[in-house]
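Letters A, B and C name the chains as they come in the text, with residue numbers starting at 1 for each one.
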């Protein structure tokens, strides 16, 4: 079965967008928007270790597992550094993820100086190649991988929506009611790490980080209801995928870059419109 | 729905365990003790104020009892059981500053969160929960503002949302951390009315309180704390100039004692 | 390549690389203190990523790989990004992490699109541009060092001259504003200086690792001192040490016949090691000292409790 290129590429982008947006909204609300960036960089040593274990394959299960583990290591280590209040959380994250990334760069240059382990391919993966790789049932491999990730994320966020909402808004109450907020946030971050790594292969780190943050940020400008914010964020991801692809074709530019650009543009337009309206119209009084 | 549980039956025949019993509760932040060897009991159907100077460990005592702050030593029993067994019977109203009021939620959403404990894992709130949340908002005089976003509420209204959330929990024991801090007169009145309703229903409230002026009027019991326990008991017996002087120190104690209505 | 310490003094290229890296470390370490203290540590990461479209645009406009021209382009787009992030904070209720995240992923995405476009155009000089992603200290020339020294002196001189003003606007912006200091302008100035530091650092450590060069020395320095002046000076020293040592190590440890260890990675790992050692071992604020004190205190308190004594 051969699907049209356009459909495969846009479909992959939408699947990645939705898989990222589901946990991404909660990251944004928990003030951990930059965690996606950190995890995506810190995954490198894990990818290298998996590459070594699997005997030289990038898109392999060991590489995926290694990357997720080093993503989680970032979260754990920066929490450890921030404990006791010596270092603020943002600084702790900024200490940990470059160090892990540097270790990965070093490992690559020491062991694979002459082998083809293209850093650019890992970090800036190319969505334009997705139509050429087919997987299960002849479907595009990226669809299978990202569809599966989306399904897992949808089950998690859909099933535990009320628990995630409570643990994000008021962890203290979540704890007294017995909802184990720490376990929940651990599970959320695990899913973020898995999603980031799964999406690497298809679209590269840039777009993953953009999808984790920008659609949710745009949606939160537009609504003050959590359910509506989720729906709007999914819509923003969809429209940016389609418009970005059309733009990339028109300008003959990188699809990844164009989609990220459209995401940013959508955000700026919404923010601008909101600011103008607040200035022009009647100002609502705020306490 | 009647479920007969032998242990509760046995407990009913014996002396009923008090809603809250602290035994030797101690907390230390770094090297300094914040709460030192506090033992006390709070009887059912009472309104108890925890008072004491700044840094006396009032909020820490609540946090340690609820397991939100690590303890150095001691235990806290709720209705004779550890908290994990009776979570549904205990509610906690934190200080307003403890949550992000920009979170996308309406007043009704926040109150509905109080019902999550009854729902348990996975089950989503439905129409019945919405209606109960609305009824609780009604009780604190906030029914009109149910769909308002929480950032658009005044400080007092936010405090009432928190109170309504605690009401939704239908707890037998409710902890409040400075419920009257920075609220308007309407809210203060509404909170006091609700506290009395709760007492009328045989429920128990323990609140950290700052305003010594209103202790006699609002609360029937006090816990006087200054890291260690200074006094605990019915207001007329424990809220005395001598105890206040002991809790607040000689200089501020004189002022406090004057406020309490005794001779300095 | 096996090197003796003497080589670093005599070899012209080696000296440029080590000296240049140390200089960049000094400037980044000092200026990083401001963003760490303002709890916007990752603004360096944002600016570094956001510089990419500017670098590409400058290349497309000038058609040459002149470092200074590219860095001016990068600096302009970095400034634009940080200005945009500040505007998002001002005009919406979104938090700082979201503002930074939105800005940098968009700018970087556009940068990648431009980079791809340059790559497709088959321009031979474009190979050098990717050096900015991961750093290329080996390409530092004596001319670069001189130019960076001048820019670095300008940045550090500004910090020294406005020390008191920066301190006040950092610690208590409201009080500074009431006293009539132009707080917004001071913040903008220190952000501009950070952008300058990032542009200088891109040359050696690259986009991704730049964050660490701003953050790690500041974290390390904070462990040893209580004053802002002390922290700024010490962070500068730690930054210079990481830069110089990292460059020297990467050159000295390169495997025989290999292309050389990436300077950026070694530099960042050196800076991180300094930070971790400081976090663990510094007297007073160090983890080990704190742990010992904590254990002793708890044991003492428990004994006092057991003895039934009042504290």
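Side notes on the structure shown:
Everything that follows uses one rule, which is that a residue touches a chain if its C-beta (ideal position, glycine included) is under 8 Å from a C-beta of that chain, and two chains touch if they have at least 3 such contacts.
As the structure is a computational prediction, the values presented were derived from the model and not from experiment.
The central chain here, found by comparing per-chain C-alpha centres with the mean of all protein C-alpha atoms, is A. Here B-C and A-C are compared, and the pair linked by more C-beta contacts is A-C.
One inter-chain figure worth recording: chain A and chain B are separated by 41 Å, centre to centre, where each centre is the mean of the chain's CA atoms.
Measuring from the averaged C-alpha position of chain B to that of chain C gives a distance of 47 Å. Chain A and chain C have CA centres that are 25 Å apart.
For chain C, the set of residues that touch two or more other chains comprises 93.
In chain B, 151 are the positions where the chain touches two or more neighbouring chains simultaneously. Each of residues 220 in chain A touches at least two other chains.
For chain A in complex with chain C, the residues that touch the partner chain are 28, 31-34, 36-37, 41, 81, 84, 86-88, 90-91, 93-95, 97-99, 101-103, 105-106, 109-110, 113, 119-120, 124, 206-207, 209-210, 212-214, 217, 220-221, 248, 252-254, 256-261, 263-265, 267, 271, 274-275.
Contacts from chain B toward chain C in the complex involve residues 24, 26, 28, 30-31, 33, 36-37, 72-73, 102, 151, 227-228. Against chain B, the residues of chain C that register as touching in their complex are 93, 293-294, 297-298, 301-302, 305, 310-311. Residues of chain A touching chain B in their complex: 29, 159-163, 165-166, 168-170, 172-173, 175-179, 220, 223-226, 228-229, 284, 286-287. The touching residues of chain B, when paired with chain A in their complex, are 66-68, 83-84, 87, 90-92, 94, 98-100, 103-106, 109-110, 113-114, 116-117, 119, 121-122, 124-125, 149, 151-155, 165.
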